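Common to both upcoming complexes is subunit A, partnered first by subunit B, then by subunit C.
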Partner chain A sequence: MYRYDEFDRRFVAERVAEFRDQVARRLSGELTEDEFRPLRLMNGVYLQLHAYMLRIAIPYGSLNATKLRRLARIARTYDRGFGHFTTRQNLQFNWIRLEDVPAILGELAEVEMHAIQTSGNCIRNVSADHFSGAAADEVADPRVYAEILRQWSSLHPEFSFLPRKFKIAVTAAEHDRAAIQVHDIGLHVKRGEAGEIGFSVYVGGGLGRTPMVAKKVRDFLPEAELLSYCEAILRVYNLYGRRDNKYKARIKILLHEAGVDEIARQIEEEYEQVRRRGVLLLPREEIDRIAAYFAPPAFEELPARSVTLERAKALDAGLAEFVARNVTTHKVPGYASVTISLKAIGAPPGDASAEQMEAVAAIAEAYAHDEVRVSHEQNLVLPHVRLDDLPVVYAALQKADLATPNAGYITDIIACPGLDYCSLANARSIPVAQRIAERFGDPARQREIGDLKIKISGCINACGHHHVGHIGILGVDRKGEEFYQITLGGSGDEMCSIGEIVGKGFSSEEVVDAVETIVDTYLKLRQGPGETFLAAFRRLGEAPFREALYADAG
Partner chain B sequence: MKKDAKGAGPQVVTANALESGLVVFRAPDGRWVRAIDEAQLVRGREEAAVLLDAATADAARNIVVEPYLVDVREEDGRIMPVLLREAIRAAGGPTIVEVSAYLHAAAI
Partner chain C sequence: MALYKNGSFVEDTWRFLAAEDDVPSDGAIVLGKARFLAEREALAGRNAPLGIIIEPGEGLAGIEADIHRFALVVLPFPKYTDGRAYSLARMLREEHGYRGELRASGNVLRDQVRFMWRCGIDALEVTHAGTIAALQAGAVSPVTHHYQPAGLEAVEHRLAGARPWLRRAAAHP
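Let's turn to the complex of A and B:
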């Protein structure tokens, strides 16, 4: 877990005091809305469709019981008893009163949390693999580098007014669970031939109205040069990124317009100047100091197979199903990582009640070394659980309605808040997700379909990551009616691809049937249960799906 | 995304309350109310401009934030926004169905 140092504590406290004064001045009329808007956005406060929304930063999705209980308390005291976990591994409260925000920020500061840089044209919350520190396939703990980047980018004077927002993601596994190739900077932590740490650096990925897969600009950046190289990238972007048109202001557009070779050349040129000064080479002792924050918990020496778990599974089919789907191999024998699905059938994706947050906090304390993660897929993760403890963890999750065994299934849907909450949206997302989940809710049917990621956005800004959904759904407004455009074949992992639009959109009434037609077509044409939807799509192309969807239309 | 009202039919003025952020509508007596049925209904460009001016003055007095006109229609004596976005705002909350998970969790 990250730790606040004196500097963190001081600047967060100062910011809370500053914003308390700004809110008071706004409420007294001393500040107009035009004057106040940029100030509130700097503190994560948006004015949404129904009320103020407060977005809280959760560094690389890292929580513990204390933080989670505090979020639950805020949900209960200041909101309507629940919060919404986002694709940036953050949390949003949808019903906040402006006058309460300073008190909430004060409560967050007490548990080393804040809402700084959750909005605005700055470097946003750095995200990372939600299985960091636990994944059997990682070469190092990516949180160490995410934390170094967090410290460097927090209130960075040079990069607080970029042309547009800037997002960084880090993974340390070949299988990319952090969607690094759809970020402004994606970092893949690797080991070199001598075992030394370095990074493959990707630049210029992003979704939104112009989806693009990032380009690799460095195959192996030495560990110590992480910040100097990122500084060079940000400098080039800050200097040449467009400020005349916010729709063309992200670094992906700069890369697209100037060409990757030219931008890579500029980055390297800038980097050479930064490097020559040698001011941003990471000292070994500093890397080690940060790494100590993420020292593994005291794992016990356990057999790889748990007799307790196997016996319990034999007696409880529900547990067996949960383990098969929501439990992931851990790097340490006798342990596992547990995905807590926030996608109960019919529930809004990513929402958790205060009681559910408290239940997870209690489980984490008792059975998971006090660690909880938020995944970009809007689920929670207990990274370190003993296999022996899985039956009791499962039972506790069941009590809190958090044991839905659907991780990675068709009902594990990412959905943005959409027109139910968001002032930018054109169409609703959550009700579509709810209806799809209900249509496919039967466990046997989900098992038969296997891995399939549906992602839904309520507008072109693509907060629901629809471009990288195996099935992506984009809500649009067509003459006052909600319509949904479907894309197929997107993927946010190491084989990153942007989904292709399959044809004309569907009405709200039609869209769930359309998804079912796509799924049925896949089941009919796949080469067996081992061929996933994405693999089948890549083999078949969109033609059979388009034909099935639009056959009746002639 | 917010769209400017076309103004061909009846209209009301909406905004968000400064302190709570909640959706409000301007009533004939100048109060800002939560229920759209209590909103002042105007017809025609001139009436709409007068209402919007009054609302803008309220925004300048820091009562509400970002007032704007909304196209509505009257149905069975009720005021109904024409656009879905505004209908969702007027309803005071999301269209999401009650979720059993919440109800269950609250009982833990």
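Let's turn to the complex of A and C:
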């Protein structure tokens, strides 16, 4: 876990003081709402349907018990006792008073947290693989680079008024769990022929109204040149990104209109200038200095198979089910990563109560080297747990209603806050997610269906990432009524694809039946349980699904 | 409108030439980029200070070789959410070695002033009353710890022994 030094502490303290003053000027009327809006957005404060919302940065989703307990305390003191984990690995509080924001930022600063750049047209929280440091397939720890990027992008004087928001994600594994190809910049950490670290650089991915898969602009950028190259990309975007229409302002549109070759040429040209100046080159010892913060905990030498766990599993089918679904292989024998599903059947996806946050904090301290991650799929992760400890961790999670064994199943749904909270939404998302989860809640049925990602957005801005859902659901407004459009075949991983609209939309009453029709069609047509929904869809195309959905309509 | 430079509000000695005005033979004048390009040859023989206004969408294309001729570059901020001029400022300072006055005009608000200074802007044309008051009181952004090298060594400096991308603000320009 990165730890602040005196410089970092002073920076955040100064920023809190600045925002305190900005809020005071807004409350006194010196700043109009129009003048205040970009300032509050740069600090994560949105005006929602019912109240202000405060989004707190969780850099690359990394938390510890101290931070989690503080978030719980803020939830209890200033909100309604819960928080909502987001697809950007952040946390948002939906019922905040503007007057309280400076005090909350002060509380966050005490535990080395802030809300800087969690919204606004600037570089947002840098995200990374939630299994960083634990995944068996990573070539390095992507958090090191995410942290360097976080620092460089914090209150960047040149890039704080971009055409639109800008998102960067980092993965260090071939299997992309960070969805880098739907980011403005996606970085794939790799090793070169001599074992040296470098990055494949992808630019111009994104969801929203115009979903696009990123294009690769560099196959192997040397490690030391990370910041120089990103500065060049951002400069080209800042100068030439469209500012006439906010729906065409992301870098993906610039890339699409000018062509990837032209933009890549401009980036390289600008890069020559930045590199010549040399100040952003990363010296080896400085990368090592950051990497030291992410050094692995002192793992014990353990057998790969835990007798304790196997015995407990034999006695407790619930534990066996949980381990089969929510436990992931670790790079160190005898350890595992545990996914804590925030998708209890019937609950709003991504929500956690103050008590649940505290329970996870206690478990992390006792059994998980004090590390917790937020995944972009709106779950929590304990990256380092001994297999021997899984039975007791499972029991503790059960006590906190956090042991739902559905990671990656059809009920592990991503949903945006939707019309229940958001002033942009056209339709509700959370109730649809709840109803789907209830329909498919039977464990045996979920098991039979296997891996299936449903993602729901309440409007075209696509905060629920429906374009990359195996089944995507988009809420639209049709003459004042909520309707839901379904897309099929999307995926955010290394085989990234944008889902295709399958046909006309469904009413709120019909949409869960439609999902069931799709699932039944898959079960009927798959070549056995080994063929996942996505694999079957890619083999079959949308025709059989369309037919099943619309046959009766004629 | 007030011009803030070198820590205080000062008289503006530059004449912004209107479209219908002829170029006078002496005195410091400021022209738009289009007019400068149209009259570049004629201006070459003129022996008096020359300034240029570069709108955010115009960029530096076509004047790269002329930058040393200017004693003033004015970068308008038509809306303070339009951040293009920050990039132009840094490119002028860092890529073209421009050392003359670099002036922000338009919608200059106190919450942007620190960013402007950091990108190499050293003069501000201010109309916003709150911003004028803040500059007079020296109450611009309190953020003096920075995570990235930008601008000039006079505005911020490296810290001995610290991460090389960190900077501390020096005195205001």
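Quick notes on this one:
Throughout what follows, the second predicted complex is superposed on the first by the 553 of 554 C-alpha atoms of A that agree within 3 Å, B and C clash if a C-alpha of one lies under 4 Å from a C-alpha of the other, contacts with A are read in each partner's own complex, and residues count from 1 in each chain.
Here is the rule we use: contacts are C-beta pairs under 8 Å (C-beta built on N, C-alpha and C of every residue); 3 or more make two chains touch, one makes a residue touch a chain.
Everything quoted here is computed from the prediction, not taken from an experiment.
Judged by the touch definition given at the top, the superposed model places A:219 against neither subunit B nor subunit C. By the touch criterion defined above, A:39 lies against subunit C but remains apart from subunit B after alignment on the C-alpha atoms of chain A.
In the superposition on chain A, A:286 contacts subunit C only, with no contact to subunit B. In the superposition on chain A, A:27 makes contact with subunit B only, while subunit C stays out of contact range.
In the superposition on chain A, A:430 makes contact with subunit B only, while subunit C stays out of contact range. In the superposition on chain A, A:419 makes contact with subunit B only, while subunit C stays out of contact range.
Within the superposed three-chain model, A:547 lies out of touch with both subunit B and subunit C [touch as defined at top].
In the superposed model, A:151 lies in contact with subunit C only, and not with subunit B. Comparing which residues of subunit A touch subunit B with which touch subunit C, the overlap is empty. Of all residues in subunit C, only 59, 80-84, 86-88, 90-91, 94-95, 109, 111-112, 114-116, 118-119, 130, 141-151, 159, 162-166 touch subunit A in the complex they form. Taken together, the subunit B residues at the contact with subunit A in this complex read 1-2, 16, 18-23, 59-62, 65-66, 82-85, 88-89, 92-97, 99-102, 104-106, 108. Within the complex, the subunit A residues that touch subunit B are 26-29, 32-33, 47-52, 81-82, 96-99, 344, 346-348, 351, 353, 355-356, 359, 399-401, 419-421, 423-426, 428, 430-431, 434, 459, 477, 480, 482.
Note for the complex: subunit A touches subunit C at residues 7, 10-11, 14-15, 17-18, 21-22, 25, 30-31, 35, 38-39, 121, 151-162, 227, 235, 238-239, 243, 273, 277, 279-280, 283, 286, 289.
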